[in-house]
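Please see the structure below; I have some questions.
Chain lettering (A, B and C) follows the sequence in which the chains are written, and residue indices restart at 1 in each chain.
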Amino acid sequence: MFKKVVWPLVSASALILALVFVFGFVTSIIISGGEADVQTETQTESPENIPEEVMPPDGASDILILGDSIGFGVGDEENLGIGERYLDLLEEDSETDTTITNSSVPGFESSQLADLIESGENRTSIAGAELIILSIGGNDLNRLNLEDNVTLAPAFEEALNIYKEDLTFILSEIRSINPDAQLAIIGLYNPYSEDDPQNARFLLDWNHETRLIVNSDAAFAYIPTYELFTYHLDAYLSPDDFHPNGMGYQVIAETLFRILNYSTN
Amino acid sequence: MIALVRNEVMKILLKKKMPLIMILLLIFVGLLSYGQNYAYERNIDQFEAESGETAFDWQGLTTQRLDELEERSQNEAIPGEVRASFDREIEQLNYFIENDINPVTPTAAKFNVSFAEQGITLFIPLLIAILAADLVSSEFSRKTIKILLTRAVPRWKVLLSKYIALLIMTTLLVFIIGITTTLVSYLFFQEWGFSEPIVTGFTLFEGTLNSDSTILIPRYQYTLLIYSLVWFVSIIVASITLLISLIVDTSASAIGILMAALIGGQFLQFFLSDWELVKYFFVTNLDLTRYLTGSYQPVEGMSLNFSILILSVWAIGSIAISFIVFNRRDVLV
Amino acid sequence: MDTSVLKVSHLKKLIQKKLIIEDVSFDIQAGEIVGFLGPNGSGKTTTLRMIVGLSTPTSGDVEICGYSLKKEFVKAMSNVGCIIEGPDLYDYMSGYRNLELLASMSKDVTKKDIDEAVALVGMENRIHDKVAVYSMGMKQRIGLAQALIHKPRLLILDEPTNGLDPQGIHEFREIVKNLAREKNISVLISSHLISEVQLMCDRVSIINNGRIIRSASIDDALVTGEVVWTLDDPQKAQLLLKSTFKVEAAIAGHTLRATVDPERLSEINNTLIASGFDITYVEHKKRTLEDLFLSLTDKHTI
């Protein structure tokens, strides 16, 4: 019984299965390993292409935040800001030892950020960052509140043009230092509710222009906040009625997290 | 030689190891698929209760995601490879919508893969250990090694026949695991889901997961790939168990040592993940399937090829030591 | 030409730096039954294990039918059947399946050979039962059958009668004797039952402390050379033995006791009769194997 039935059955099926498994195994290697060959080529090439001084230095942080008070975290009761809150979300998913550098300066306008980056002061942290979060433009736009109705429209046009130039410059500077980092820019929300439709239109135009620049880069994400805040100003704004509170920062961080980390789910 | 292998296969079968393994497998698979089905249904209920909707609107969510992707892939500024990866996800989502399949529904095809992914580091090695642990040690503890080694057969042939028999049984066991998980989970889920498309082929690019190289394949092919990796890992575990079984005299201590190595290795990986040496340990490399799913924490310098290489070195080393030890050993039982 | 079936030369074995076997050499001719005696721990089983290849000698070699165990293991072992310390079988299989399994490991063993071996040990009725339910005696029989299926020229039996009842021992002895007589199989048998060895064996080798201390045919081994004469005038005979043969004899009642070379015994007897002594009884004293064994091993165990 064993010799005539079981043994031929066992040995033949094991042989066939082994062949199938070997086939599958080789296919698996090809699927994930075949690409690795291409990768190693690019990897060996990359040190030649990138100037030596921008190689990621030891101790560089993984997340870099550049920009204004929103990037800094003004208004957050827990003093966490977008970066810390984003990191918390990341760690919920998996254990990481990601570090954050926050180089934001409250009150910064786009031209100031452009100057800062041009100065090369943040060069090493930009080169070493995996994710760079930008928050800029809010102060450029807010300054326009001082204008009167007549001068407002041309002033807006001028401010927007400067902002576009600055952002484009910032982007190209960052890219020349670190071509691989994921970038994200926090869009503007309207802290003044719907009392002035004109203001809201300017803001939307502004965001639209930002989006167009964002779209020109493959690894640049636009983090929309306008829609998030519009109906929840009471809940999301800090007592100064301008900066987000902890909850506000939390929803921005969550949006950031959702947008950047979809592929792993 | 064939006769020797046949003898060894007969011994394994007559020792009634397979029924024990089958029972363990059925219990675990049954519990797991029941649990998963239960959790899924509860999630749906919860979602409905929270959103106040009458039914869980997966179509809405999927369509939303689809629109977003389509919009992005229209963008001229996005490089070709990235757009291609969007297109693959679009294709996948389209399949779900066209076939009216909720992408998060548990199916037999998903369950057997996730069982393999979860089991590959501990449960499946345990089953293999049950099979392999007393291959040599039982000959010693039953003293039958004396009648086995006093035949006109050189010792290396005796061990080789045992090893081949073990490979045969391991191959069958991996197949049985696949079939059992699929059938049992089908009883609970009532969905096969073998033709659903799935994205695979993530690669590691400078420390981050790269989805540019992904491809879309049907689930059944994916299952085959995953089980091929399980098969490879099983053979590695079987080879290492063979060595342990040779060095210790009882199968209980052989299983114990292997389990300690597996669990200890996981601890090591958890606590000392920056320690360079950890990635050369076999336990750290057992989880091959993660390289296909793309759902893993990239570890510096580890890739599918690296892990396969490390595991192969371990297995070949174990086999070599086994043959040397077995050939020289004085039988004193 | 060397006709020995087994030739053991200068075996030496170190286990954990301790010299277990110092220097063991002996050989066995075709059809001979050789008893292998030694107290516990004398190196008896270790020697047998080296002969069947279960353990490797530190130095020295074993030749079976002219094949060196070291260099031609397979050819050498195809001529050996053995039971080492009890018949250990796969008890989750039937006796027959055990034999089938082991038979498939040797070349050219047919189903007929298995059946013959089973018939020889008288196990036809229970052969398909699981080994787990066998009695010790039945296991011994299967053990013998497994040693015989491949028709070896040398049979090595280590304590084969352990756990057998007297009836079983008797049957076992008859089977082994028949094998040697009819099939010309040589047998090396170790046993702690000395009477057993005396009844079965043609020759005996005694091992103690890792050395062979006596190796001879049973008859030679047991002769002591002591002769006792019962005759009418012991005093006169004592003088005659001393003057004619230079043999010192002791008187005890009507008996005269002396140690003489067995070859001269008939000459002495003839002289005594010719001198007119009335000899009623001459006894050529033999030791039991047990006496010999104890006298030899005692001396060496200090």
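Of note:
FYI, a contact is a pair of C-beta atoms (placed from the backbone, for glycine too) under 8 Å apart; a residue touches a chain by one contact, two chains touch by 3 or more.
Predicted model, so just to flag it, every value in this text is computed and none were measured.
If the chains shown are joined wherever they touch, the resulting network is a simple chain of contacts running from one end to the other without closing. Measuring from the average of all protein CA coordinates, the nearest chain centre is that of B.
Counting contacting C-beta pairs between every two chains, the top pair is A-B. Centroids built from CA atoms put subunit C at 90 Å from subunit A.
Taking the mean of the C-alpha atoms as each chain's centre, subunit A and subunit B sit 35 Å apart. Centre-to-centre separation between subunit B and subunit C, using Cα means, comes to 58 Å.
Across the assembly, subunit B contributes residues 6, 10 that each touch 2 or more other chains. Among the residues of subunit C, none is found touching two or more other chains.
Across the assembly, subunit A contributes no residue in contact with two or more other chains. Residues 5-6, 9-10, 13, 75, 77-79, 82, 167-169, 171-172, 174-175, 200-211, 213, 215, 224-225, 227-229, 231-232, 288, 291-292, 294-295, 297, 303-305, 308 of subunit B touch subunit A in their complex.
Looking at the complex, you find that subunit B touches subunit C at residues 3-4, 6-7, 10-11, 14-16, 142-144, 146-154, 328, 330-332.
Subunit C contributes residues 15, 49, 52-56, 73-75, 77-78, 80, 82, 84-86, 88-93, 97, 101-102, 104-107, 146, 150 to its touches with subunit B in the complex.
By the touch rule above, subunit A contacts subunit B in their complex via residues 2-3, 6-7, 10-11, 13-14, 17-18, 20-25, 27-29, 31-33, 35-36, 38-39, 42-43, 46, 94-96, 130, 180, 215-218, 263-264.
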